[in-house]
Amino acid sequence: MNQAMSANANVDTARQWLKRQSRWSPFEIVFWLALLLPFFLFPTYLPLASQIAIAALFALSVDLILGYAGIITLGHAMFFGLGAYAAALLAKAGWSEPLTGLLFAGVFAGLIGFITSFMIVRVQHLALLMITLGLGVLTLELANAMSWLTGGTDGLRVPRTWPIFNYFRFDLWGYTSYGYTLAVLFICFLLSRLLVNSSFGLALRGIRENVKRMPAIGSDHHRHLQKIYTISAAMAGLAGALLAQTTSTVALDVLSFTRSADVIVMLVLGGTGRLYGAIVGAIIFLVARDQLAGINPQYWYFWIGLLLMVVVLFMPKGILGFLSRLAGRRDND
Amino acid sequence: MSSIVIVLFDGFAFGMLLFVLSVGLSVTLGLMNFINLAHGAFGMLGGYAAVTAMRLLGFPFLLALPTAFLAAALLSIVLERTLFRRLYGAPELNQVLLTIGMVFVAAAIATYLFGTVQQVIILPSWLRGSVEIAGMRFGVYRIFLIGIALIVTALLVFGLERTRLGAQIRAAVDNQRVAKGLGLDVEKIFGITFALGSGLAGLGGALAVEIVGLDPSFGFHFLVYVLIVVSVGGLGSITGSFVGAALLGIFDVAGKYFWPEIGSFLIYLLLVAILFVRPLGLFGKR
Amino acid sequence: MKTKKIIALLGASLAWTTAGYAQETVKIGVILPYSGPFADAANQLQAGIDLYIAKHGDTVAGKKIELIKKDTGGPAADVAQRMAQELVVRDGADIIAGFALTPEALGAAPVAEEAQKLMVVMNAATSMVTEQSEYIVRTSVTIPQVNYALGKWAFEDGGVTQAYTLVSDYGPGHDAEKSFSAGFTEAGGKILGSDRTPVANPDFSAFVQRVKDANPEAVYIFVPGGAQPAAIGKALVDRGLAPPATKILAQGELTHPEALASMGETARGIITTFHYTLERDDPLNKEYVEGYTAANNGREPDLFSIGGYDGMHLIYEALKKTNGDTSGDALIAAAKGMSWQSPRGPMSIDPETRDVVQTVYIREVQEVDGKLQNVIIHEIPDVKDPLH
Amino acid sequence: MTDQKEIVLRTDSLSKKFGALQVTNAVRLALPRGCRYALIGPNGAGKTTLINLITGQLKPDSGSIFLGGDDITGKSVSARVRAGLTRTFQINTLFPDLTPLEAVTLAVCEREGKAGQFWQPLSAHGAAIDEAFETLKSIGLAAAATRPTRTLPYGQQRLLEIALALATKPRVLLLDEPAAGVPKDESAALFEVIAALPSDISVLFIEHDMDIVFKFASRIIVLVAGGVLLEADPEEVRTDQRVREVYLGKGHHV
């Protein structure tokens, strides 16, 4: 009847099959090595590269909830911004050590994520979109109202971040920034990869595939959703903190709706639910924007809009999904 | 006391503007479950159509309004046929992104054609200023807005309750499968509804220029308000949109009047609170 | 892999050629929000820059002026920071300029500081901007500068003894409220009440009603440019809050030409304070306005345009003084204390604060030849930012 | 004959109204350990609603549900499943993009409280994987274990419904038309699988095919208009006049 497995399949092959699903492919190793190229080939593009790495981390955090758990959000900049402000304010208070600052921001954003997760898991569809959007705007307004703390629309100038390990100084060319952001992105990617290949990742895919069935197999899926939302919020907070630390500035735009929307666009361009989609999407979006804005600053968003429409109409699984279908791999739709 | 009356009146008028802008989206969302974030862009189109009609063709304001309606409705028919239709039943994320892409493109086209400058509509003198009623001053244009919205509501309610098309739309909103089974051409019904809804957005856009101005970012700006009205009111419900818009307008204005410190928060708090308690909105069924 | 190498080689050779070329050119990086909600401001500012170059040629002190435009896409401090960084490391810019928005100026300031490049702020109007680096100079205006002066004038010459303030709830609005109130109360006036409106505020009626309830002699308004001036002006008049019964005081954006056209008759009598007045009767200004409208399809210049225009003037004059030396230290030294006649009137750069010093004009909307326009009713020369 | 055995699931005057329509009317049920009961009744009798009430998808207007003596009326669906009360669905409610192996492993992990562990790979839960595979094997799905669910033939998807339920280690299993849509010759095979389920599981199934009902059920509950018309042995049901009238008369399709 099928050739996927011989009829006398046994337990060992089942285990191996599952293990194979999470094995590193050579493509992946090449991909990560390629991300080191800017150091040597395009050193003048390192500032852009580090902002891409930050955007990719942010998109990765959204992929965990959108691509794996099916939570659509229009307000994730909320956590990005909270992380950015947490790191910035810690630095303002006199502590500019990057790694502890990063940790502090992640924990803070995660905590807020956990609190809001109680609301998020209760709703779906349009109500979910609107509640995430509403919470995002509320946070923005709150930060604006607290301009004595946040600097409001004028923004805050963040004291220069101390050298990493007291050795790597943040330089004008952006070598340290890119190394730092890339390292954090890579570590978070490894954790995300582990997560999506764990039993918890399987449960999330279950929720995405058929949320109605989950309670019927004994799953308290609200708790799963709360957990992943919290993790995602913390990761978004890390991304925000990286931005504040590497650019020495933070303003209200870190919380803006545009940022929430952009990250979704990146993710969908790249392809949801495959981790690499977040990174590839961030690269394409920001490089395209950088190049288009360089050519034609007034109308670049025309091309971004067009690109978005083309991707949705002709590559509904994103650019990576499209490529892997071309390559005839397992990701058929 | 009189201040409160005026504040409520202003809020209601603003709400009615939102109603005209958003009722079309509510019905189309309810009918096809299609999340059309480009709805605000049709409003923008209406605004530019009205401005152009008045400036280049010398149309009077009252004629510019139906022009705006027609322009938005006609374009929406074309787009519905060519683009939107392909995504019915697609994941909501794809719908969201396609239509956001359209808003981007629309904004760029508007920038190209009209520049980034604020567009202005010169109202006829009878619509300007204010009138005094019982010792209170009411803005004439706001009275006009309420009037238009009530006429639109009346037409919609009459159309839905009394006409054949209305009955078909109601049947399709209630249960598409059954409607199809009864031999209704649901796609055609949706196309017409879509055009009507977009036309109303165009009308709303033309009406909004006087209150909030018009520039290429209009499609984004009003989107949030429109979505709030639709989600709070509940999908597919004219009553819901009416109440949602009126509530939003009144709460927005009254909140700013009584508690100016939290004026900007209030509608979002209201949004989150209402959706938390009633995820389907006040009048939503599904 | 092979193509990668070729691209790399190409990139390297490109970088090399531009580096060699840089000997004869002065590269000015212009960082502005060309797209997004502030695109109009950016375009007007850019038109000011372009006009100056068109008038004065693109060669200064034997060097060719080359502009490199960078779009931030809206208020985006992080993008502005990156753009500044890229201008310095990739494009080899000698001067960075533009900055329509305060957060973007703050974002770029550390780069100017570290790279030791002259940074010309052509609009961002919060006082503290110039304090961020020794290399920053501003050619636009500061909010306290014009509003403190207005507050003082309102009590001393305007005959207003008590007033209500209504400002947008964001940095510039807070500055405006503070500085107007300071000028007004220090002179002896009384503030009846203060409200702040949300930045994205489509409808002002509630706030205007609160003003009306307080029944002030005058209401002071500050809102960002764009759609809001016309909206708030109309809301005031709808409530019967109109001159002469209630004076309306504001910063100049409120009555810029588009807003005037939209407000129509309702704008009559509004008093504003500004550093640039389109209709100011002055040969230099006339020439400027004519040149500008001719180059921009009849669009008239505004505050952004003049900031860009004078910013270029400062750059040109500083380059002349340094004989083409583009080091930040030489240029900033040349800029300090510089004074000149601008289309806006006499202006100079404070050698201490590197901030703009200029005449503040108090204007009233009046009918001239059947058209409503801003008419200067008072001039206050050599005004400095009171906060520095 | 099973009456003396321990009662595992019991409902007490369970009632539910949809608007004016009484869909469940004071239903009393008692399922002994290891039973094989059938729930029959004409279309619209409220069979699925009753299952929805028992498993918690719907909240009853009145009445209570006891599982092994504990009142579970107020508990959530998932809590009931963890307590040992599981159901399958009449319309396939599966995970289209997961393979059966993944889906059943998930159910095992949920049961063992391991589904929230995100810090180690799935392959670390070897025992769970083994158990999932054995479960699939036991109902004849071993060969399909690693193919995406949506590519499976319909009959195998019906089996997977049952496998998913089994993975929760139920004490009581409610099967809502397990053979719905399956050709007649295949449905008998499917019921052989059901009949072979571990003997300590109490099974209640809904089925329209009377031949199958009479063959596999040890006892039959007849539901009419939301209320229990009769609960009796197959022989008794077969001969009962009332059942003939309301049900067999028109619904008996051979």
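For the reader, a short list of remarks on this structure follows.
Labels for the chains are A, B, C and D, by order of writing; each one numbers its residues from 1.
Here is the rule we go by: a residue touches a chain if its C-beta (ideal position, glycine included) is under 8 Å from a C-beta of that chain, and two chains touch if they have at least 3 such contacts.
As the structure is a prediction and not an experimental result, all values here were calculated from the model.
Common partners of chain B and chain C, by the touch rule above, are A.
Common neighbours of chain A and chain C (chains touching each): B. The interface with the greater number of C-beta contacts, when A-B is set against A-D, is A-D. Among the other chains, D has the CA centre that is most remote from the centre of chain C.
Compare each chain's C-alpha centroid with the centroid of every protein C-alpha atom shown, and the nearest one belongs to A. If you average the CA atoms of chain C and of chain D, the two centres end up 73 Å from each other. Computed from the mean C-alpha positions, the centre of chain A lies at a distance of 33 Å from the centre of chain B. Per-chain Cα centroids separate chain B from chain D by 48 Å.
Computed from the mean C-alpha positions, the centre of chain A lies at a distance of 41 Å from the centre of chain D. Residue positions 111, 261, 264 of chain B are each in touch with at least two other chains.
In chain C, the positions touching at least two other chains are 36, 39, 43, 169, 198-199. Contact between chains, using the touch rule, shows up for A-B, A-C, A-D, B-C. Contacts from chain A toward chain C in the complex involve residues 37, 40-48, 51, 141, 144-145, 147, 151-157, 160, 172-174, 243, 247-254, 256, 258, 289, 293-294, 297-301. Of all residues in chain D, those touching chain A in their complex are 55-56, 76-79, 81-82, 86-87, 89, 93-98, 101-103, 105-107, 109-111, 114-123, 125-126, 128-130, 132-134, 142-147, 153, 164-165, 167-168. Residues of chain A that touch chain B in their complex: 66, 72, 119, 122-127, 129-131, 133-135, 137-138, 141-142, 144-145, 257, 261, 264-265, 268, 272, 298-299, 301-302, 304-309, 311-313, 316. Listed in rising order, the residues of chain A touching chain D in the complex are 1-2, 4-7, 9-11, 14-15, 17-19, 22, 194-195, 197-203, 205-206, 209-210, 212-221, 223-224, 227, 231. Only residues 4, 7-8, 11, 15, 34-36, 39, 43, 69-71, 73-79, 81-82, 85-86, 88-90, 102-103, 106-107, 109-111, 114-115, 126, 128, 132, 169-172, 174, 198-199 of chain C touch chain A when the two sit together in their complex.
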